[in-house]
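Each of the two complexes below includes chain A, the first together with chain B, the second together with chain C.
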Partner chain A sequence: MAIPAHPDAMKPRARTRTHVAAPMMAGNWWTPSPRYRAYVAYAFSGVFIWLQTLVFIRGLWALGTGEVAWNAFLEDLCHPLYVVFHVLSLAVIVWYGARTYFKLFVKTQPPKIGPMPRPPLWVFPPALAGAWLFVTLAVVLVLGGVWP
Partner chain B sequence: MDAPEKKTFVVTRFDPDRDELPKTQEYEVPVQPDWKVLDALNWIKDEIDPSLSHRWSCRMAVCGSCGMNVDGEPKLTCKTALSDYGDKVTVEPLSNFPVIRDLVVEMDGFMERFQAVKPWIIRAKELAVEEGATRQSPEELSHFKQFSMCINCMLCYAACPVVGKEPGFLGPAAIALAHRYNLDTRDQGQAERLAALREGELYNCSYANECSEVCPKNVDPSGAIQQSKLLSTIDWVQGLVLPRTGK
Partner chain C sequence: MSHGPVKKFLNAIEPLIWGPFVTGNFLTPLFFPAIILMLCIAAPLGWLPEGALSYERAHALATNPIVVVGILALIPLALLAGSHHLRFGIIDVASAEHDGPVALTLYGLWQLGAVVTAIAILRIFFD
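Showing the complex of A and B:
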């Protein structure tokens, strides 16, 4: 089912010579194609980032308020609903956010990086994934008190 | 020769002199196994309904005239095999464009966007003829050649969800063309072209990547847009701290 696009979409600045039908766009544009569904899911992952930001701000507020508030915040984070939310957030942000960012990163590469020729594009996704895994592991080890 | 298979075509019709809104009309067409969508449209026009209007020219995916939505997806109809579709095929004008008649869309807005990005070589100072040609190596050519392969078929505009919602957005093909000149070593107009891109709401692209998916020439306009965003950001920051020096 098609729905009206913006009435001025692709409208010329000069007056159109004849009566035209208004531009239409697919009303269910995100459902028929797996590509579009992935795009919408990527956009939706922003909701999780927004919610995570709220949690982060609440944590900062608790930290500034005092030890009692901070401990209450930590206790809240142990609630099963919070744990489910964080696991879900991690999955959504990694699968849609990070994966899309990795693809986007490849697209932004110029033909030359400074005076150096650009490495082949296929190098970037595994390099990014490797760097991400390394940083994640390092953060987990540091926060877990295992390293250094 | 195989017996023709019958397919039903649901085609958008719009007569600007009579209709307020587009409507659809169904045609039953005996299609040959090797037919493209354009063959069926031409058969309808020749054998059933001469009033049907659609654009086409080269029939070999070069001229870019015959872009339409086939079962909801922007396609060059001369390149789209009917064997890939079911018994009922929907053919509509390209999404996001005003419709002049039937399957023919208004192209003037598209052409204006091309002009806006100054798609020509800009030199700070023209070279005298006796100074010879500005030379370019094959490697330098390879940096932008991909972006010069656009055939202006407008499929990328029909596929882009931002074009349909943001009338100020320059759109994929115009930005890819701007990027083609920005990467050209003979050109010195990058700064003014990037200013035109910013004015054309470059950053409204939300990376659906559909423009590159539907492009029949693998131009990758989405790549051009993302690279232009990066160039534009660097240019903007440089403009804050350094005096302008041409390119």
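Showing the complex of A and C:
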């Protein structure tokens, strides 16, 4: 089934007097190719980001309500459905991060960063992996009760 | 999709949204996995030491100025990253025909989430 494409798709560079039909695209354009499927999955990772953020906001709200509400929030997180959702959410967001840092980040760097020339592109993946490990370790230590 | 005032408004705010979106796109996968792992998986499964997420400790952490700034930045930016991704996912998979109401709803929810987060932080300070 054909669906309306973005109206700016196939738009001529200069305004013309010729009227053209609205661009259409196949409704399942993204299903045949693994690259397109990954692209769409990347966009819809937003669902997990949203739901996960709502869980965090609920936790903050409970913390502001008091000790009983906070403990009830922690108790709710023990429900098996919550645990399954969070394992899935963790997998999706790690995949989302790997795609952001190791596939897209390097491709979107400008030739200059401010007045400075951009570092060589091979620097970015290990630097991003190092930053991710550092932040992960810091959060694990803090929420694990080890530090401070 | 109409080219009416909603579309003009969305086009006008696009450059303003792009910077925070990219920042959220970068910060969300940097911080979220460890927080999910510890708060939402390790704690419920009893992998954390006693008292690691007790009310007193969680309250002290959430009122630390660095943590407050981090939460006030991270949560709204994550919501924006999610909203922006979803908006363009819907355009790509469904249609751009209803982009106006979809975008206004998603960005509106992002703004609402940011306000609720700020109120939640204030409640922690004044409980």
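Keep this in mind: the second predicted complex is superposed on the first by the 114 of 148 C-alpha atoms of A that agree within 3 Å, B and C clash if a C-alpha of one lies under 4 Å from a C-alpha of the other, contacts with A are read in each partner's own complex, and residues count from 1 in each chain.
Assume contacts are C-beta pairs under 8 Å (C-beta built on N, C-alpha and C of every residue); 3 or more make two chains touch, one makes a residue touch a chain.
The model shown is predicted, which means the values in this text are computed figures rather than measured ones.
Shared-chain residue A:A43: touches chain B and chain C both.
For chain A, the partner touching the most residues, choosing from chain B and chain C, is C.
Once chain A of one complex is fitted onto chain A of the other, the partner contacts of A:C78 are limited to chain C, with no touch recorded for chain B.
Legend: residue contacts after superposition of the two complexes on their common chain; A:S89 is shown touching chain C, with no touch to chain B. Once the two complexes are laid over each other on the shared chain, residue contacts for A:P12 go to chain B alone; chain C is not touched.
In the superposition on the C-alpha atoms of chain A, the part of chain A touched by chain B in one complex and by chain C in the other spans residues 5-6, 39, 42-43, 100. Those residues of chain A whose C-beta lies close enough to touch chain C in the complex are 3-7, 30, 39-40, 42-47, 49-50, 52-57, 59-61, 63-67, 70-71, 74, 77-78, 82-83, 86-87, 89-90, 93-94, 96-98, 100-101, 105, 131-132, 135-136, 138-140, 142-145. Against chain A, the residues of chain C that register as touching in their complex are 1, 3, 25-26, 28-45, 48-49, 51-53, 55, 57-59, 61-62, 71, 75, 78-79, 81-86, 88-89, 91-97, 113, 116-117, 120-124, 127.
Those residues of chain B whose C-beta lies close enough to touch chain A in the complex are 14, 16-17, 19, 21-22, 72-73, 92, 95-100, 105-106, 108-112, 142-143, 157, 161, 163-167, 171, 183, 206-210, 213, 220, 222-223, 226-227, 229-231. The touching residues of chain A, counted against chain B in their complex, run 2, 5-6, 8-14, 16, 18-26, 29, 32-33, 35-36, 39, 42-43, 100, 103-104, 107-112.
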